[in-house]
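Please go over the structures that come below.
One chain, chain A, appears in both complexes that follow, with chain B as partner in the first and chain C in the second.
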Partner chain A sequence: MKWPARGSALAAWVLSAAFAAALLPALLDAATRGVPVADRAAASAYLRDGRTDTGAVNLVTAVLLDYRAFDTLGEATVIFAAAAIVGALLLARGTPRPRPPLSPLVRCAMQGLIPWFWVFPVAIILQGHLTPGGGFQGGVALAVLAILADTAYGTPTAAGGVGDRALGIAESMGALSFWALGLAGVLAGTGYLANLAAGFSAGSPGTLASGGVIPFLNVAIGCKVAAALVSMYRHIVREQEATP
Partner chain B sequence: MRQEAAIVAGVALLAIGLRGVLGSRNMIRICVGLTIMETAAILLLVAMAWRPDAAAPILAPGIDRYVDPLPHALALTAIVIGAAITALALALTVLVYRRFGTVDLAEVRRRLR
Partner chain C sequence: MAPLDLAFVLLLALLVAAAASAVSVRSTLASVVSLSVMSVAAAVTFAFLEALDVAMAEAAIGAGLMTALFVAALGRIGDLT
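== the complex of A and B ==
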């Protein structure tokens, strides 16, 4: 039997179209006749009290790292689990073969550019409570930086870049420090991952030193996400000794 | 109107991604389909947060209308989970390639028989 059978491309289109046809009216209806943003209880509470509750002006970060910080801990665990599973699935059996580095031109250009590339993710992570961004986005940008260096130089260590061991340490430290920062709330007698209630200072909202524990959580997440993504990338691209 | 356009685009992307997942033999194409579906879900989340003449939910002096920040936070969650799913799917693809030397699922199925 040929698989997929001859009609299956058509069947896939028909199924997808039926799915879209079922979903579209419901979403349009929810958008036009559903609860408007101004009347949503959670939205209006976040918009009204966000600044005084958290000290952060970026309310997305405020929701992510204060109101729903516990969710974010779970989310960080998902990344952790994914990195662990990818590592376990693609456990390197042979010794990894270093890929040939790109041309000297590319390497020279990278040498000049990499210091500048550092500025962007670090700014995104540190200003996560002020401007669009935060630990997740900045962590991804950091990971892209490391992947660029890997690609340009062939092997991770040739560029003086981070080795696998340092990556593991960064990942574990990121996860552990997020977890430990949450304990401050327990010690203060409020709750796990409490922010201002745990005695962190709100500072003056809109400046770098504000938002209580949020900037620290952002740095922890940034380390964690960057390390996890780079280690997953390295596991996926790692070339094996010939395995038929 | 703009919100409706974003919703239509999101649903269309969802359907295109679903077609890629359901109707492809190439595992890389299935991964691409998954990624398109994730993107569509994020677009739909942002579209549902929209309200007319409102700014992104970053408080600034002189602005008093903002979109709903909650779907934006959930969009971040969706992006993270999406990255994890993509990495896992690609890892499985690499495993299949190492074992069978191909990412064509029809070929894999033929070899398994």
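== the complex of A and C ==
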């Protein structure tokens, strides 16, 4: 062990253990007793009015895509920046060598499994305003599905997978439609990313067609996140293939 | 101690053990796998605390995507041992 030196490694372990010991009681307390919601004005207001304010049953999504939709736009921008930087740093210099696909056994299994793997992310995205999850979680699950297919079949386009151009279009359209849906609030004379105030229909809470603009924002986020993460992965893998 | 509490404490112990393993093992690949195990434990912890949205994000990003990106990056720098 050259670095870190034995003494400093021991000090790091002791410090981490002390930090964990200090945090453990609070975590156990939160798990067994729960934090009283009534003491918090914002949380109790969301719980009381969330359903009528937004039309969404899943209050986490109501906060993410209605009350704090602007913060979600910022989060999406962070992912966009990360994908852009990875793309700029790892710009493929040679033509990528196609990778050998995995064994026929794996490919046959994937053929049977991929349709089922589609169900989960799509359901998560479309029902983001009803059940736990939303565009972000579903988008990541979709990206993992695409990475799985890329790994099994070798080249991205071998099994009718999405090409890089389609990925770019999906990413841009996701980001642009989120931005444009937010603009509807401005055109209606309220605020940017306004939901029911901008004239979107709340529907009857609990059904698929409810929550005003929230399901559309979920789809936009899902497209954007999935496309950005898959293109990030492909940039990393491609460079590896280009340099022997 | 109720059985559920015991399960929760065991889960937290697994979380800490996986985190410690991630920073202390020599092989980078083993470290990545430890981090993935830690993410799964964290996801179950969040689900335990009734934060299902966070649990889903942690499972998809921490256990799924980050592991894939790390392994791809390790393969790229030729450290996949």
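One rule holds in what follows: the second predicted complex is superposed on the first by the 205 of 244 C-alpha atoms of A that agree within 3 Å, B and C clash if a C-alpha of one lies under 4 Å from a C-alpha of the other, contacts with A are read in each partner's own complex, and residues count from 1 in each chain.
Please note the rule applied: contacts are C-beta pairs under 8 Å (C-beta built on N, C-alpha and C of every residue); 3 or more make two chains touch, one makes a residue touch a chain.
Everything numeric here is computed off the predicted structure, so don't read it as measured data.
> Touch test for A:133: chain B only (first), chain C only (second), both, or neither?
second
> Would you sort A:50 into first (chain B), second (chain C), both or neither based on which partner it touches?
first
> So, does A:173 touch the first partner chain B, the second partner chain C, both, or neither?
neither
> Go through the superposed model and pick first if A:84 touches only chain B, second if only chain C, both, or neither.
After superposition on chain A, A:84 lies in contact with neither partner.
> Touch check for A:113: first (chain B), second (chain C), both, or neither?
Touch partners of A:113: none, neither chain B nor chain C.
> Regarding the shared-chain residue A:27, is it in contact with chain B (first), chain C (second), both, or neither?
both
> One more residue to check, A:124. First (chain B), second (chain C), both or neither?
So A:124 only meets chain C here.
> Check the residue A:62 against both partner chains and state whether it touches chain B (first), chain C (second), both, or neither.
Only chain B is touched by A:62; chain C is not.
> Check the contacts made with chain A and report whether chain B or chain C touches more of its residues.
Of chain B and chain C, B contacts more residues of chain A.
> Tell me the contact category for A:141 with respect to chain B and chain C: first, second, both or neither.
second
> What part of chain A is shared between its chain B contacts and its chain C contacts?
Shared contact residues on chain A: 20, 24, 27-28, 30-32, 58, 60, 132, 134, 136, 140, 229, 232, 236, 240.
> How about chain B: which of its residues touch chain A in the complex?
For chain B paired with chain A, touching residues are 3-4, 7-8, 10-12, 14-16, 18-19, 22-23, 25, 44, 47-51, 54, 56-60, 66-70, 72-73, 76-77, 79-81, 83-85, 87-88, 90-92, 94-95, 98-99, 101, 105-106, 109.
> For a test of understanding, state which residues of chain A touch chain C in their complex under the given definition.
20, 24, 27-28, 30-32, 58, 60-61, 124, 132-134, 136-137, 140-141, 143-144, 147, 229, 232-233, 236-237, 239-240
> Where on chain C does chain A make contact in their complex?
Those residues of chain C that touch chain A are 5, 8-9, 12, 16, 48-49, 52-53, 55-57, 60-61, 64-65, 68-69, 72-73, 75-76.
> Which residues of chain A touch chain B in the complex?
Residue positions touching the partner: 2-4, 8-9, 11-13, 15-17, 19-20, 23-24, 27-28, 30-32, 36-38, 40, 42-43, 46-47, 50-51, 57-60, 62-64, 68, 71-72, 75, 78-79, 81-83, 85-86, 89-90, 130-132, 134, 136, 140, 205-206, 225, 229, 232, 235-236, 240, 243-244.
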